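Same chain, two partners: subunit A is paired with subunit B first, then with subunit C.
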Partner chain A sequence: MATTLKPVDVVLVGFGWTASIIAQELTEEGLQVLALERGVDRATVPDFATTHIQDELKYAVRNGLFQAPVRETLSFRNTRSQTALPMRQLGSFRPGAGVGGAGVHWNGQTWRFLPDDFVLRSHTEQRYGADFIPEDLTIQDWGITYDDLEPCYDRFEYLCGVSGAAANVAGERRKHGNPFEGDRSRDYPLPPLDRSAGSLMFDKAARELGYHPFAAPAANTSRPYRNPLGVQMGQCTYCGFCEWFGCGNNSKASPQSTILPVLLKKDNFSYRTGCDVTRVLLDNTGNKAKGVMYRDLEGREFEQPSELVILCAFAHHNVHLLLLSGIGRPYDPVTGTGVTGRNYAYQITSSVEVFVDELMNPYMGAGALGQAIDDFNTDNFDHGPEGFIGGGYIALWTTGGRPILQHHLPKEAPKWGEGWKKSMAENYLKSASISTHGSVASHREAYLDLDPTYKDIYGNPMLRLTFDFHENDYKMSDFLTGKAESIGKAMKPRAMNVKKRKPPYSIVPYQTTHNTGGAVMGDDPRTSVVNRYLQTWDVPNVFVVGACNFPQNAGYNPTGTVGALAFWAADAIRKMYLKNPGPLVRI
Partner chain B sequence: METIRHRPHPSDSCWDADTNMPSQEQACFAEHLCGMSRRRFVQAALSLPVLMALPACGSDKPGPAKVARTFFSSAEQRFIEAAVARLIPGDRDSPGAIEANVPFFIDLQLAGPYGRADRRYMEGPWASGTEQQGYQLKETPAQLYRKAIADIDDYCRKQFDGKVYAALTQEQQDRLLHDMDDNKIELRDFPAQAFFEVLWQNTQEGFLSDPMYGGNRNFAGWKLIGFPGPRYNYVAEITQYGKPYPLPPVGIMGRDGTRMRVEV
Partner chain C sequence: MHTLKFLWIPMASALAFLGCGIAHSQGNDFNNIQRGRYLAQAGDCISCHTVKGGKPFAGGYPVETPFGTIYSSNITPDVVTGIGNWTGDDFYRSMHSGRRKDGQYLYPACPYPWFTKMTREDINDLKAYLDTLEPVRAIPPENDLIWPLGWRQFMAGWNLLFFDEGEYTPRQDESMTWNRGAYLVNGVGHCAACHTPKNVLGASDKDKALQGGDAGEGWFAPSLTGHERDGLGSWTIKDIAQYLKTGANKDTASTGPMTEVVMNSTQHLSDADLAAVATYLKSIPAHQAPTTAPEDIDDQAMARGKGLYVDQCIGCHMADGKGQDEAFPPLAGSPPIQAENAQTLIQVVLAGDHMADPPSLPTGLAMPAFDWKLNDQQVADVLTYVRNSWGNRAPPVSANDVAEVRKDVHKYGPRFKRMITHALP
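On to the complex of A and B.
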């Protein structure tokens, strides 16, 4: 029997980036806000202290900060004809668990999507004709535009102290930065990080080929920085332990380093850890949420009443909760109808490793220290002759040189033995990897639903993922890989490995934690779970925020857009919903 | 969290210890092994209240430390030593897996949360699935080693006149490792390749992880490749393009590449 707790105004499921932003915004309205986090409590001190956090084995190899499949996982298959099996250990993606969420262990690669990304279907149809889009692609417009979201991107960048060079500020074109970027209201808060040896080599090679390389935007502070909330961040020290680690130096933006020092002091905010939310509770009408049900670490069940429920967990978990709670009609791939679980997408990546004669010192780096080109992203080039849609950036990142997982060897090198040892000695300091970061089109056969066999620890059906990249995306990725290869060649390496993304998608090798869709936004309730303000169509006092809102994935890391969407939803709640609770969009 | 249990053994050749009994006299045992003062060992232990501190064992001497096993039987230990010595060969001038104490690292890992697969989803039903669906074996890493080593030694006895893997020539040992990697050897419960992948992964981990986990002794792996260890600050060096970094390796426990700190 569940214990019913004292009601609050707002309950947030999860306590990562989106929950922290929304909590900070809604507590400003005087609301009583509570965040429920499944993982443990984490603070910069003591959890990320530099005396112990730079431990590759514990954090990067043994997954110290991530979701543990023993408590929560999903089942997976490539196609509907297969039987899905549980992901027994993490591989392809590594969702965070604990206060700060994946915002603790990300690299800090903070991009804005391009204006065309938000109107992908209408833009593509307009430029290339409706027939250009394969029939089974379910790509769609977002229901918002880049211009709608621009002020929110700006706020997220200033919250995080993003280091970068702007090329397009209020209509003024500048020499440095990304010439393809959308119009920005102002510059980045900080100048770019210092360049690594690899960045300079990539820059030179890309320029020789006529491309437009720039310093990639980084939520790693190039200078000491005080953000608009008054939180002080330290200058990044290029220690090379960003991704998979917390930052002990307050240099990588995370909820802990940008918001929590202010939020946690507020009397009208509280949070609880070790709380697995298992249902959004609806009233008899099914159109209003009463609150949420959760279990604590001892398995005790609690009912937390709340006026407003906001799902801020990782993409998979948000969709799982919607399916278990009966919010939105589940997607049916046979008929192509229903919305919850529809349009799952991911990121298609590949790499080109280069082996050079110069000393690269790869261990000096930062998670978002990189040089990139955007010449082949979204619709920055003519797709007509190529026969696919989408694109991605190509970059050389100098994220670090952790020895177990970040060494590169030429393909001729023996896998083990004396030859392996020799090759390690010759190549570790003299190699780098160029990566391609491709968009993924949502399609009819890529979706999330409930598994008929496997159960989670509470006996609920596990979430099931059915996914492979569409042929369109393999084609696009091969195109990007070819461009990356040409840049690699221009770096005049002594050896080079071209690592294409080969079908079918595998859940085993790590690729990215950029899982998107399943609760997508849009302006049509037949093809979206939430409206343009991230409010569910069916239950107006439930909002869902995160990468699960992306109708398809763009050729960029998602966090910049996820942060912007959190500000966007918070604004809608503050300015519209609180004044007049109810549907913000009427059809 | 458990404490590592050490098995006492009166001789110096602790690798041959065959008993599975835990020690009641850890401090005395450690002192015996490493010749360090009781006071220094107690200090090390006290400074790490929830973790097991192992004392520095003759950090000036090359070669593997003499320390007890926590997981492997003596037969398994002989297999592991022989196999990792082929995976990353070494000698006094160029340390390999043995000199870096990789067998000890793997032993401790298998005795701990990794060996028990503490984070893994272990509910049925079990099916082999496709390659893309990933690891679907019932065995934890510890069970995988236990079964695989017994199977491989059985296989060797049949093929090589009763000799176990460790007793074969280096060429024969190399061939068997290749055969495991290529799945040419039949094991009872799972593909040989599944074991080889885990063995090779753990061997690299033991060679390249922080020495505080018991491997990478005296920074053997890091010195080989040129990694200077986890360091706080490269602000001055990041733009010194093409210049070697001047300082010697350092670990989380400092400059002494034999100090340990292991959670089991």
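On to the complex of A and C.
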């Protein structure tokens, strides 16, 4: 029998980036806000302290900061013809757990999507004709535009202290930065990070080929910074331990380093850790949420009543919770109807390793220290002759040179023993990797639903992922890999490894944690779970926020857009919903 | 211009300075209570009269002294265990003369030697505020004092030797601001209780006022005199006020017990009062700090210390010791780094610390603990290096100094974990 707790105004499921932003915004309205986090409590000191955080074995190899599959996992299959099996280890993607969410262990690569990304279907149809889009691709427009979201991008960048060079400020074109970016209202809050040797070599090579390289935007502070909430950040030390690690120097933006010092002091905010939310509780009309049900670490069940429920967990969990709670009609791939779980997408990556004669000193890195080109992203080039949709950026990141996982060896190098050591000694300081970061178009056969066989520790059906890359993805990725290879060649390496993405999609080796879709936004309830304000069409007092809202995946890291969407939803709630609770979009 | 006129009328000045921090009371209860609340903050009553995890002002906090442990009293208006049945006169006598309602002597762990300087009106208002608190029935533990100090009558002799009873008398040759600062610092603020060295009987050494003293539990409260290196000589009035308001300024950030003082007390003072405190402190002449000659510093210790500094410290405090503006405090040229006694620095290195996090500077940036990572000699070496690099000059730190503080850290635990952080009702 569940214990019923004292009601709150707003309950947030999860306590990562989106929950922190929304909590900060809604507490300003005087609302009583509660966040329920499945993981543990964490603070910069002592949990990420510089005295111990640079421990690759503990954090990167043994998954120090991630979701533990022993408590929560999903089942997987490539196609509908297979039987999905539960994952006992997570490899291809590694969702975070704990206060701060994946905002603790990310790299800080903070992109804005391009204006065309938000209108991908209509733009593609307009430029290339409706027939250009293969029938199985279920790509669609977002229901909002880049211009709608621009002020929110700006707020997220200033919250985080993003270091970068802007090329397009208030209509003024500048020499540095990404010439393809959308109009921005102002410059980045901080100048770019100091360039690595690899960045400079990539820059030169890409420029020689006529491309437009720029310093990638980084939520790693190039200077000490004080954000609009008055929170202080230290300057990045280029220690090379961003991804998979918390930042002990308050240099990588995270909820802890940007919001929590202010939020946690508010009397009208509280949070609880070790809480697995298992249901959004609906009243008997099914159109109104009463609150949520959760289990604590001892398995006790609690009912937390709330006026407003906002799902702020990782994409998979938000969708799982919607499916378990019966919010939105589950997607059916046979008929192509239903919305919840529809348009799941991933990203397709590849790399080109270069071995050079110059010292690259890879250990002096930062998670988002990189040089990139955007010439082949979204629709920055003519897709007509290529016959695919989408694109991605190509970048040389100098994220670090950790001993266990971050080194490159030529193909012919021995895999162990003396020869391996020799090759390592020769190549560790003189190698780098150019990566491509490609979009994945949502596909009729890629989706999330409830597993008919396997149950989680609470006896609920597990989330099932059915996913494979499709022809469009491989074509696009091969195209990007070819461009990366040409840049690699222009760096005049003594050796090069071209690592294409080969079929089928494997959930085992790490690729990226940029899982999207399943609760997509849009302006048509037949093809989206939430409206343009991220409010569920069916239950107006439930909002869902995160990468699960992306109708398809773009060729960028998602956090910039996820942060912007959190501000966007918070604004809608503050300015519209609270004045008149109910559907914000009527069809 | 009122202010100018008052400056030229000594009598008016003498009367007016006492009230310049807050709207003057006119027999209005609400005003009196608000003044009293402000004074309770200025005196940081809550920090000593509250035990971690306990009800505010209900006492029981252990004040560690060289003579044993004294537990603070319950000053909520509970009639049995608090001061609920004390009259205004009773309360005034305790603050002014160091005597309880029953006539027994207080121990000077309660800073009556400073509170005696407070005006009757201020003490009345403070009582008016305390009377509004929720009464809590709580009896503090028995004091644990070395024989024969458990006998309170001993304090009669102590008072005779060391206690100058009497309200503050304004100095006619000083400004209203200065007088207000002197009143706050030497009265309700009782800064000297920590910042002045004590004699063998635990009395503050008046000849060495504010030259740096024992803050208890292995913490050292640095000098507040005008000494450039070991004092406030290099700080402007604005620097001092900023430190008291936010816990940090261009040169340093508060640590240990002072963070508690900033959070519970000085951040709440009005800008006028902070300026007054700073004005008064700036008028204290430099003391004779012991000099450290370059030959007093062991080159090998410096070399070892530099290596440790590069490995452990430069990420935040930078190679040049200048820290990071807007973030981590500098070590170069920082007076507390060059304090005569390095206890506080050793505490911070061993146990780590969190900066004050008032609304004006909410981050609470923290330094991690190194006690598990560095041994006594390493802590000594890195501190000797920090205290004697980039133009800094201060006595070297020995492994024994570190070992002593390490004992205190083990005994009491990190100070920041025991901070009393109640907001005042």
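Keep this in mind: the second predicted complex is superposed on the first by the 587 of 587 C-alpha atoms of A that agree within 3 Å, B and C clash if a C-alpha of one lies under 4 Å from a C-alpha of the other, contacts with A are read in each partner's own complex, and residues count from 1 in each chain.
Here is the rule we go by: a contact is a pair of C-beta atoms (placed from the backbone, for glycine too) under 8 Å apart; a residue touches a chain by one contact, two chains touch by 3 or more.
As the structure is a computational prediction, the values presented were derived from the model and not from experiment.
Once chain A of one complex is fitted onto chain A of the other, the partner contacts of A:Gln235 extend to both subunit B and subunit C. Once the two complexes are laid over each other on the shared chain, residue contacts for A:Ile404 go to subunit B alone; subunit C is not touched.
Within the superposed three-chain model, A:Asn361 lies in touch with subunit B and out of touch with subunit C [touch as defined at top].
Touch criterion met: A:Thr73 reaches subunit B, while subunit C stays clear of it.
In the superposition on chain A, contact is made by A:Leu200 with subunit B only, not with subunit C.
Legend: residue contacts after superposition of the two complexes on their common chain; A:Met1 is shown touching neither subunit B nor subunit C.
Touch criterion met: A:Asn250 reaches subunit C, while subunit B stays clear of it. Counted by residues of subunit A touched, the larger count belongs to B, out of subunit B and subunit C.
Once the two complexes are overlaid on the shared chain, A:Met424 sits against subunit B while remaining clear of subunit C.
Applying the stated contact rule after C-alpha superposition, one finds that A:Ile587 touches neither subunit B nor subunit C. On subunit A, the patch touched by subunit B and the patch touched by subunit C overlap at residues 50-52, 235, 237, 239, 249. Taken in their complex, subunit C has these residues touching subunit A: 312, 314-316, 324-328, 352, 354, 357, 359-370, 373.
Every residue of subunit A that touches subunit B in the complex is listed here, in rising order: 50-52, 54-57, 61-63, 68-70, 73, 76-78, 82-89, 91, 194-197, 200, 235, 237-241, 249, 358-359, 361, 363-364, 401, 403-404, 407, 415-418, 420-421, 424-425, 428-429, 453-455, 504-508. Interface of subunit A with subunit C (complex): residues 43-46, 49-52, 224-226, 229-235, 237, 239, 248-250, 261-262, 265. Within the complex, the subunit B residues that touch subunit A are 86-90, 94, 96, 113-114, 117-123, 125, 127, 129-136, 174, 177, 181, 200, 203-205, 208-210, 213, 221-222, 224-228, 230-235, 237-239, 241-245, 252.
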